[in-house]
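For reference, chains read A, B, C and D in written order, and residue numbers begin at 1 within each chain.
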Amino acid sequence: MSKKRYWLLLPALILVVAFTACIQGAGPSAATKEVIIGTTDQLDSLDPADAYATHDWEIIRNTNPGLIVYQPGTADMVPGVAEGDPEISDDGLTYTFTISDGWKYPDGSELVAGDFVRGINRSLTMEGDVSFLVSTYVESVEAPDDKTVVFHLKAKRGDFIQIVSATPYGPLQEGQFPDDELVKFPETLSGVGPWQLTSYKENEQAVLERNPNYKMGFSESAPDRVIIRYFSDPTQMALAVEKGDIDIAWRILGPIETARLSTVEGLTADNTGGGGIRFLSINHDMEPFTDKNVRKALAYLVDRDEIVDRVMQGAVEPLYSIDPPGFLGSNEAFRDMYGGSPDVAKAEELLAASGYSADSPVEFDLWYPPEHYGAQAAQIFEVLKEQFEKSSMVKVTLQTQEWSTYIKALTNGEYPIGYLGWFFDYPDSSNYLDPFAQTDFAAGMGIFYSNPDMDQYLADAAASTDPAERADLYVEAQNLFAEDAVCIPLVFEAEYAVYRSDSVGKIVIGPALVFQYELIELK
Amino acid sequence: MPDDNVIRAENLSVQYKTRAGWVSAVDDVSLEIRRGEILGLVGESGCGKSTLGKALMRLIRHPARITNGHIWFQGIDLMTLSDNEMRQFRGRNIGMIFQDPMTSLNPIQRVVEHLIETIRTHEPAVSDEDAHARAADLVDRLGISANRLDDYPHQLSGGMRQRVMISLALALNADLIIADEATTSLDVIVEAQFVELLQQLCRDLDLAILMITHNIGLVAEVADRVAVMYAGRMAEMGSACDVFKEPLHPYTQGLLKAVPNIHLEEDELYKMEGSPPDLVSPPPACRFHPRCPHMMPVCSKVQPDFETARGDHRTACWLYQDVPAEYQDVREGSKA
Amino acid sequence: MTVSPLAGVCFSSLGVALLFLLYAFLRGSKGLRSYIVTRVLLTLPMVLILVTIIFFVMRVIPGDPVTSELGPRASEAVREQMREQLGLNQPIWVQYFQYLSGIVRLDLGTSLIFGNRPIVDELSERLPATLELIIPSAALAIGLGVLAGTFAAEHRKQWPDYLLRLFSVVVYSIPVFWLGLIFQVTLGLGLGIFPIAGRIDPIIDISLQRHTNILIIDSLISGNWPALLSALHYLVLPTLTLALILVGVFIRLSRINVIETLVQDYITAARARGILERVVVYRHALSNALIPVVTLIGLQFSVLLAGAVLTETTFSWPGMGQYLVQRIGQRDYTAVQSAITVFAMSVAVISMITDIIYAFLDPRVQY
Amino acid sequence: MSDNIHDHIIEVRDLKKYFPVKRDLLSSLMGVPQQWVRAVDDVSFTIRRGEVFGLAGESGSGKTTVGRLVLRLLEPSEGQIIFDDADLSTYSPEALRQLRSRMQVIFQDPFASLNPRMRIGEGIGHGYKIHIPSSASERRKAVEEIMEHVGLTPAAQLYNKFPHQLSGGQRQRAVIARALVTRPELIVADEPIAMADVSVRALLLDLMIRLKQEFNLTYLFITHDLATAKYICDRIGIMYLGKMAEIGDLHDVYKSPAHPYTEALLAAVPVPDPTDRREKHLPTGEIPNPINPPSGCRFHPRCPIAQQVCQEIEPELRPVEGNPDHLASCHLRTGDYQHLAPSA
């Protein structure tokens, strides 16, 4: 019998162990300065020829900067590994970059121009998810010497500087990846950047250590080691940063958690200025939206401020152009054209002109996915329906569909009008206008908008290398976009990072959402 | 007072709680069991005889309770013992055998485990080996070979299981064995074997045995004295010969006539009218009076005492007691 | 094919079970032995039926793996190529037999989302994490549930009984998400004594060499005591959450079974022998009452797995449940199919083992 | 045996019922031979119209199985049961269905055999509803009539009670009423009064005897209680381990039992007379397992007078002292080996 009694000690033992663990777990050691960044993103791939997700690019950029990089904290392009701006041939088809001295891999070997050629050619031959970002524009690439990288383009591209900042254009050290195979999760990942990925445990954590040979060096307050912690949902991540399990909560907190955390003492919410846009994607091939008057009527009826204030409680901003603020030539075409507040009379005038009346209203299904764009989607659409039906000439039926089916049907053009979000592949206005307004791309998105004027603006803007000229062209394009009511921009959802004021002094992210870990200032 | 009573219950009452309220299962019952005798306790189902057996061991549990009385066991009033003292009394001084030996043994315990556990609970100093040896010795005495010790209860026959139950009751040389319908589930030949064994043990070990049964024939065969219960009360108690040859209580008289006898030539059984009462609302005073052929006015008014009618032969019936004066005048008009 | 890590995990987790089978086989009677063989043999068709159902159900649910992988803009030719690559262009029965033979060879194909990554590799990372969560949870739930249920039965119709019954209903009806969140907010954030999410302290994790991916075992192997403490520390909240979901069922079931056994004749008989009340309740009554509880453990195992899916999501626990949820979202057909197959097979194996335990415990069972 | 076959309501010929011993899959795959429980092994007897035929023996003797075979609740492995001149195995399903109304059963436990959620009247009328086309009022009338017959009075009041509201004796009466409502010819009563208390038992026995006369019934009365059997049975068969040990008029069997087993059984019956305590010569041991019954005479291992021959040769039923209505299967008492019997 007495033997049995010892079993009672077992729960007690567990409690003691757990308690000791509490004490043990408190406070990182002073020897190495660590920073723990939480994210709800997942790593999809670390192979630069394949990686296409935001978080993939963040890790790759931190280990391996390209020829052109972002000016920290902005969406501006500055030379990275390159010594200065490229030399552009007169026909605009040849870009020649010169590499600056002193870029070294962690093992001490020097970066050479051939590493870029290897990386770009590998992207082209592997046909990974991201290859189109190279193959669409680049005819060939060569390295006449160890310091020079020469690109031959297929067509003139005014935004090639932006394009070349994308990760598939990064250098690739010999032996890092096999030539004939995609390796999504290599044991380690390194480049000439400040960091090297030393361990990755799927859905648990990634660990980045300093590249001892990083050319730019580290500041006194920079972390020695960066740990990325993966969470399955934003609520836990918010709790974890609040408690101090992590130092920084980064993508994707979402507006609700951000709003809550920004009121918590000891936490700093950092608005990156960058983020996704949300808009109504309209199918121009489907009744009643073949009629421009109907599209414009909706543009008159929508009340962005109500969505922002009533549903999102100020966590998002109203969006008046498909090209969000901060990008080249970005304006507020929809505000200019349709006003800052709804105008039922104007809308009804247009609808009446198309033969609609209160007795025979325009009727359509309005689609959205229930969860993909956050839990507030349903409320947003209730409000939208209300706004549209302020006019007795509009009759809206709300429809929902689970995301994977939804996105397929929407982009196949099976819905008349639906909800869509967008974030740029590369930070240029072209990446906001081309996909929806250019004839070929728009068809692929299920929009089926086609206007020769628009195509011309976009082609000219892409080919131009003069920023001022490009800006003008994009203003024209945006105005036409609003005039034709191609799609209806609704809101801009800025991304926030929340960090603990007791451990982190400053972080630098910026509207391009490029988080450079070496610029984290620890206290 | 020196006596050879092993146990003596005085005015014992047991009540249990039902939705209809408290019900007296045993009402003011007194009895004694003497060393070396078998006392047969008979009665029909629901008369309280099993409850009485359990009450003697204080095995009455919620929602029932002993509400009154004393249980003297060799000079100690068991009612004054603490629960733990009483527990030590059980098994050591009083053993019990139950109706169904199949369900009275723990189905997932081997025979030997039952025995060792019982021995070691009461004598913790005994080693496992010694307890095992004692267990083997014990079952051997009861005619079970020691190699059946490792069997599970379901592997034994009904008779063997009941022998195991006896061995458990005797494991600590108890003075009193309470056998509660111990033969009911046995076939007639095995039953006869079993009661022979009980008689032999009673003689050899000078035990007191309380044999609770509804089988009146069996009592006639083995009991030295007989107690008859009706509706929670003691109706009659006396030596077997007295009770069977000259039953006093009208209930006992009827009961005995209703028992089939394979040796008698008559081919019809006596039929007692009515059925035993519901204990939730028993008849007032003498509970047998509605069925009694000798019913007198006093019978429905005053409960007769359980007192000696002739020598050691006691009964609770007005036929043998002085009727209180106010009821006497109508005595002449009774059926008796 | 190299020996996959999943094989190792399977064998090590089945190792305990096999040891038990062996023990039961050697200790048990002849009848029990042949029962074990029979039961093991019967599990095979059961597993076959299960995997067959999974395969065909996976084919009829909506959502197209090719579209979710390639995106909507891919051309039909590319789609066709992908279908071919995945074997989706073959007749369904060919796919079915490939799937079956894959299971036998422990080759579950490759993930649709993560290119040529073998699913066996992914599962062998995830399964140990799930085991590390559900084994202590089940032990805790069963242990606590049975003890509390017995306690309630012992004090039937007294206040501990009412309290425990109320408690069991309450915990059983609380959604896992919410319970987990409550723990995170109170014990995690409020009192600050337990971490919110994850399996181990991220900094300590760096120093931990993983072999089995069961962190407690790994830290024991490498003698990494801080890692062991941290792993246990991180285990507390998820285990508590998952255990509480189940504990209600076990309280109620143990209670009712103990109450039933407490009125059995052999309990009265044991009391009549003067056996200590504690022994009567916790040995005689409980051991008999546990026999039906064992069967329930087998049945509740699927509930445990379902609970694990939610708990893992709530605590960012990178196990099978989280994997399943993620891959369902990504329409990763092969991964989902494989994960469910593993779930189903483990349920089949556990139910086999509980049946055998049942037979082992109850000498009366006729085979 | 009587020559007039119409005297017999039931004739059982060489009846056998073997139950397979449950084997696991593995054993059957490995060809372990199937074992059988020989519950009833070559039993023959007849029941005459209007009599009470008792079937007695210890548990495991096969008496209950015989009852179920006669009722056709079980299929015999071998042998015939002839009911009213026709072999039951030749009955069509429709005929079998009709047979159910001519043959009824009363089980031991009245509580278990009454549906607890059915009112007493409905329970009694259930068989009537199945077998006899009738309106609800006709049925109610028939039920109340039979309830009066068995002493469930007042019938109209008891009709709507549930089984748990009745006393034990009333429940058994309800079971009897249910059996009688279709006016059967044969009642198989399987330990009908074993659960009843002494005082109730006599009443029930009396009731059964009275009903037998009123309804011209024949009883197959299965019991382990020889003392009670005495009061109702005309003839009795004593079974041991699937075999008939002895059969004959009750008085013949009780007065001069021929089989040692019958002797033992009668001797073991307790007598309610403390002055009549006599030394009993009880057989040792208990009834063995019917899976592998002893060779020869099945009783030989327990028999106080067994000889070598009893182990070797199986005895047959033979007349006792030339009485063709009293048969016993004992080598030493009725067979060819009487000379081997040890002198008393």
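Methods note: contacts are C-beta pairs under 8 Å (C-beta built on N, C-alpha and C of every residue); 3 or more make two chains touch, one makes a residue touch a chain.
Only a predicted model underlies this, so the values are computations on that prediction, with no experimental measurement involved.
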Least hop count linking subunit A to subunit C through chains in contact: 1
Chain pair, B-C or B-D, that carries the greater number of C-beta contacts: B-D
Subunit B and subunit C: spacing of chain centres that average the CA atoms, whole Å: 54
Mean-CA-position distance for subunit D and subunit C (Å): 54
Distance between chain centroids, defined by C-alpha means - subunit B, subunit D (Å): 32
Separation of subunit A from subunit B, taking each centre as the mean of its C-alpha atoms, in whole Å: 89
Residues of subunit A whose C-beta touches two or more other chains: none
Subunit C-facing residues of subunit B, complex: 54, 57, 59, 83, 87-92, 94-96, 98-100, 103-109, 117-118, 121-122, 152, 154-155, 165, 168-169, 171
In the complex, subunit C residues that touch subunit A: 62-64, 67-68, 72-73, 113-117, 122, 125, 181, 184-185, 188-189, 192-199, 201-203, 205-206, 210, 226, 229-230, 232-233, 236, 279, 312-316, 318, 322-323, 325-326, 329, 331
Of all residues in subunit B, those that touch subunit D in their complex: 44-45, 157-160, 187-193, 196, 214-221, 223, 240-241, 244-245, 254-256, 258-263, 267-272, 275-276
Complex interface listing, subunit D residues touching subunit B: 58-59, 167-169, 197-203, 205-206, 224-228, 230-231, 254, 264-277, 280, 282-283, 286-287
Touching residues on subunit C, where the partner in the complex is subunit B: 264-266, 268-277, 279, 284, 287-288, 291, 361-364
